[in-house]
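The same subunit A turns up in both complexes below, where it pairs with subunit B and then with subunit C.
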Partner chain A sequence: QVSAALKEGHVTPTELCQRCLALIKSTKFLNAYITVAEETALKQAEESEKRYKRGQPLGVLDGIPVAVKDNFNTAGIETTCASNMLKGYISPYNATVVQKLLDQGAVLLGKTNLDEFAMGSGSTDGVFGPVRNPWSYSRQYKEKSVPKPRSVDEESNWVITGGSSGGSAAAVSSFTCFAALGSDTGGSTRNPAAHCGVVGLKPTYGLISRHGLIPLVNSMDVPGILTRCVDDAAVVLGSLAGHDPKDSTTVQDNFKPFELPNLPDVSKLSIGIPKEYHAPGLSSEILALWSKAADLFKNAGAKVIEVSLPHTRYSIVCYHVLCTAEVASNMARFDGLEYGHRSDMNNSTESMYAATRREGFNDVVRGRILSGNYFLLKQNYENYFIKAQKVRRLIANDFLKVFGSGVDILLTPTTLSDAVPYTEFIKEDNRTRSAQDDIFTQAANMAGLPAINVPTALSERGLPVGLQFIGRSFQEKQLLTVAKWFEKQVKFPMIQLEEVKRHNHDVFQHEKSASFS
Partner chain B sequence: LAPWVPVVGLEIHAQISSNSKLFSGSQVQFAAPPNSLVSFFDASLPGTLPVLNRRCVEAAVMTGLALNCSINKKSLFDRKHYFYADLPAGYQITQQRVPIAVNGSLSYNLCIDNKMSQMVTKTVRIKQIQLEQDSGKSLHDDTRSQTLVDLNRAGVGLMEVVMEPDMCCGEEAAAAVRELQLILQTLGSSQAVMAEGQLRVDANVSVHHPGEPYGVRTEVKNINSIRFLAKAVDYEIQRQIEELENGGTILNETRAFDAKLGCTVPMRDKEGKQDYRFMPEPNLPPLILYDAKSLPANTNHQQVVNIDWIHERLPDLPSVKRAKLVEQYGILPEHSFALLNEDGLTEFFENVVKQTQMKPKKVIGWILNVLLSYLKQHSLTVKESPVSSFLLADLLNLLEKKEISSTAAKQVLAELWKGEGKTPLEIVKEKKLELIQDQKELEQICQAVIDGQENEVIMMVLG
Partner chain C sequence: QKVTVEVLDHLEHLALVDFRDAEGVERLQKAIRFADQLREVNTDGVEPMDSVLEDRCLYLREDDVTEGNCTNELLKNAREKVEEYFVAPPGNIPLPKLEERETFLQGS
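Take a look at the complex of A and B:
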């Protein structure tokens, strides 16, 4: 709607931009943004305004404020990956996806917070501190909070966003932008989307260019899209997808942007429920929602059947080996020589490397580098890396079999539970948390499949819970169509945040969940 | 004392002759200002990805075909990890698992006892050819305790040619490398000039007694010319033999050739054995090559590399060129070697032949003995010769028509070297070097000589 509003002149890009910037300031306590690019954003908004005045907007995204996770390169704007290693690093180029957004006239508000180098499932392990879930401050959550006997300290009660794209999810969730880019390697877009009550899309591997996305696991990373509704995700996808000669892992086929039908029909579909996803630790709430969702489809005439993905239980270990191996390799470039942090230690090149890397990386990153190098040692390579690759193939084949047998879409939980309070979350270490939290989302990265989180309902604690749909390779249209149908069915409530109301985003008062399409 | 069998293998890195680097668009150029040819990818800026250069693939295929290799229709890229200032990403992209070409052979020729007339043909097996990135250059400034890094060379495409240990001495190694150099230059896949770092050779040397297993080998690096290659290999063989005969052992180490001292010394840098933690390069899909049979219909010609297409367009290799020269001009095989050994000499020779009536068998003597030795004396290349093929042909024609003697011809040539722009005929006239054809005139001259030497004549007549 906001796009239409811009077109019709109800609101100007500059006004929109200013409101978002003001809202970012009032929601600073969320710590969703690492860098706010106020000046450049306003300039971009001005340019957009000129275009609208001429009646020549570049497209649906022209003038739309967006945010980008801080592991995407943005020319002239600091790119830190929430790490000391890249604090102050100003990239000389734009990631392809960033460039595409800018070429469409989008207004880049800033770079969002994350777990350091995208390693984590809470957005709590970056050097700029943790991101707070906007729902922590929502009326819905506050109403359901059990009042504490001691002085009610709101501060300690806040819940995490999930991760690692927590900043982007929080930004979209708190209305400070209309769409955000995240990245997804093991669930890093879908997980925070679920916790923050927004749509989180992981596209098929090879559909969207990774050029300029600072890699975690090259063979699993994809840029992720976070929006407030499925239609918006489709629009953003349309502007980003397609072959990029700068990224040799993007497919060459022509991509045709699509619009989703207004009244999707799911009666001819076959929905698969993977039985292995009844994981221990899955909250009864989510289990119930999952079941309800299956019924929704059944009642609409879809075929809902139980399927099996037998190698699911090996995916965590497999992921761990392959992920850490690639991390060890990808992080080798951070030696302090060409860019980024360089230690003052200069007795020898080696000592400089060692000090630089110790100072620049947090424990999580260093831990993964050590593990990864271990797995890549000559004597271990066969037993770990090669084995893991084989298991990965098996996991991918599980999906192929299921999709090959006539199932169109899989329906699964996205997370084990709703968002936990930060104080709870940090009781376990990053590795343990990641292993637990990635369980439903990771396999899609292993197999390169598209998957999406759709906000479904509020938990008993008043916090968002989402469900995940996994589709066939490159069948985003079908996946999003199903997601849109489901979204319409569940009518997920809008967050009730003081700050948002205060800024009087009257554009948003028209619909339950605001969108720009 | 039991005889020793030296075993020599070679790892040769040839810089691919291409406009841009193996995985990025920055230019390839020798001796440019430091760090002026460095793309974001070359500097390993985070988020940059490799994009394979088609020309480099073609160069490797050409070279593989010329060396009788099987070209792998599917080859893979890997990361080889180690930390060094001239390796910005902390890893080199290479082909460790499945290289682009395997199982070839190279034939080369040796003179027996330094006699060009006695040549023997030898063969060395080519284990493989792989594509990989070159590293940057680092210069150590000990006075200021700093290292200066120039990344211009980082990412330039290399073909690593691995020759099996089929050679036995410095001479063989040198001859093999020389032939490889000529092949690469003929193909144009590499300019292969060692002085500019476009061809770098590492030698693997070991010795053993016949019938016993191979000995421990050392790797010899820092060899800057073919001449030094032969010296380094021979020195290392001797060193190992002496060491072993004195009861010592050979360490599996890397040694550098010290050109000044003419010996090999252990290299300080390499401490212990490195585990390179090889890992597939995830950003590059397998490299698929096609031939006429496997080429799918409707493929974009720009998007594929067709091995057969390249094969059809291979130029004549040096061995073929030599055979043709021998056949066409009736020169000796050793002549053909000498012709090909000097850049531009064959062309010069053929141009002279075209422009003169003198038989090629005679022309060759002038080219190899007179012209070439003059050029060598003055350290000139054929291109820099002050005497053009036209001038030389002109001169040889005078000789052929018996207007001058061969002694006179050499005198004329000496004048021509000065490059003053005079034609041979002008010089002949100037110096009055014409042969006298008139019989009567000749008799008069002879009589005059005899008359002036009466005593000697009487002595001769008396016997």
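Take a look at the complex of A and C:
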């Protein structure tokens, strides 16, 4: 819609950019952005405006403000991964996906906050502090909040965004940008999308280039797309997908950008409901929504059947081993020599590396590196790493079997519950939380399949709940078509953000006493 | 089955990060217990999977130089450099042994 408005001159790219920048300032308390690239964004907007005046916009994305998770390299702009290890690191190049967006004329507003090195499911463990879910400040949430008897600052009631792409999700959800890039290794795009009420797409592994995305798990990472509606996700996907010579793990198949039908038809489809996803801890609310969704499809004429993915409950264990192992390897590049933080310790290379890494990484990152190294020890390699790789094949085969039996799309919950308050979330440690929260999203990364979160309804507490669709490899068109149909059916409500000015004042007082993790 | 101090020390050497405190060590213990659940799965005759794209040929491009000459750009991010070199402290000096190091594990 906004693209059409730009074309017709109802609004100019610079106006749009300025409005978004102003909104970012007034929603600063959300802590969604680490870096705001005001000057370059305005320049990009001006260039876009010139193109529109000449009647030659580069495409649908020309002039559209976007945000990018801070683990993507952006030339000339600080890229920190929310870690002390990369504070002050100015990328010398653009990640391929960032370059593609810029080539289409998109306006890069800034870099969004995340869990340190994308490790986490809350966007709470970065050095710049946690991200607050915009829905914490929505009328819908406040109406349902039980007023506290003591004079407890209402600000301490805020809920998390989920993670690790929480900043991106919050940015899209609070209208400060029209699309954002996240990354998805175990659900890091879909999880915050569900909690923030936005669309979160994880593309098939190998479809979108990872060049420039600071890697976590090379065999599972993908760039993720966060938008407010499924059509937008399709547009962004269209501009990002395709082979990249700089990332040899991208497939060489020709990718054709597609438009989704206006009136999708699901009557000829077979929707699978994996019974193992009825996991302990799943909230009764989400269970009910899941069931209602299945009925929606049934009533539309689709075939809805129960299926089985027998190795589901080992998926998270398998992920834990493979992830920590790959992380141990990928984090080895951070030694202080070529970039990033460097310790003053100068006795020897090894002691400098050790001190640098001790100073640069937080507990979560160090913990995963050490666990990973443990699983990779000679005496453990076969029993943990290789074993996990075998289990991975079993998990991937589960999906192959189900899709091979005629099922087109799987319908599952995205999260166990709606967003929890920050104070509650931090009671458990990062690994436990991740193990719990990634349970529905994680298997799609194991098998490399495309998956999408579609905001479905508001919970009893007035917070967003989403459902997930998992599709066949490289069948994003079908996946998004089903998602679009579902989106039209559920008509998820728009967030009603209260007057932000008043909050700015209240929160500044609170921020001074709050400690950043 | 607790992890021995020798193994913990070995891990600190390999990873070049520290456990820092008892919580760090406990974190590893929990991680191992969690991972042990994999033993319940029967994987007889199953091949390990490296990548979901294993059925495809990895793209390899021609061995031609298409980019480069960005020495200055790359050196910008390094803290210690001399002309076009990254400067590192002397190598070939191993990390001090457990007894001599300042590490949480010393007390174990």
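To be clear about the criterion, the second predicted complex is superposed on the first by the 497 of 517 C-alpha atoms of A that agree within 3 Å, B and C clash if a C-alpha of one lies under 4 Å from a C-alpha of the other, contacts with A are read in each partner's own complex, and residues count from 1 in each chain.
The rule is simple: a contact is a pair of C-beta atoms (placed from the backbone, for glycine too) under 8 Å apart; a residue touches a chain by one contact, two chains touch by 3 or more.
Since this is a predicted model, take the numbers as computed values, not measurements.
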Next item on the list: Using the superposition described at the top, determine whether subunit B or subunit C touches more residues of subunit A.
Entry: C
Note to self: After the superposition on A, what does A:219 contact: first (subunit B), second (subunit C), both or neither?
What the structure shows: both
Margin query: Applying the document's definition of touch, where does A:255 land relative to subunit B and subunit C: first, second, both, or neither?
Written below: neither
Next item on the list: Pick one for A:73: touches subunit B only (first), subunit C only (second), both, or neither.
Entry: first
Next item on the list: Determine, under the contact definition given at the top, whether A:429 touches first (subunit B), second (subunit C), both, or neither.
Entry: second
Check: Does the superposition put A:95 against subunit B (first), subunit C (second), both, or neither?
Finding: first
Item checked: Partner chain in contact with A:325 - subunit B first, subunit C second, else both or neither -> first
Next item on the list: Determine, under the contact definition given at the top, whether A:394 touches first (subunit B), second (subunit C), both, or neither.
Entry: second
Checklist line | Residues of subunit A at both interfaces, subunit B in one complex, subunit C in the other | finding: 92, 219, 245, 248-249, 252, 328, 335, 337-339, 349-350, 353, 373, 377
Checklist line | subunit C residues touching subunit A - in the complex, by the definition given at the top | finding: 3, 7, 10-12, 14-20, 23-24, 27-28, 30-32, 34-35, 37-41, 43, 46-53, 56, 58-61, 70, 73-74, 76-80, 86, 88-96
Next item on the list: In the complex, go through subunit A and note every residue touching subunit C.
Entry: 89-90, 92, 205-206, 219, 243, 245, 248-252, 311, 314, 317-318, 320-321, 324, 328, 335-340, 342, 345-354, 357-358, 361, 363, 366-367, 369-375, 377, 383-384, 386-394, 396, 429, 431, 435, 447-448, 473
Checklist line | Partner subunit A, residues of subunit B touching it in the complex | finding: 40, 43-52, 79, 81, 83, 85, 88-91, 147, 149, 275, 277-279, 282-285, 303
Checklist line | Footprint of subunit B on subunit A - complex, ascending | finding: 72-73, 79, 81, 86, 91-93, 95, 210-215, 217-219, 245-249, 252, 325-326, 328-329, 331-335, 337-339, 349-350, 353, 373, 376-378, 381, 385
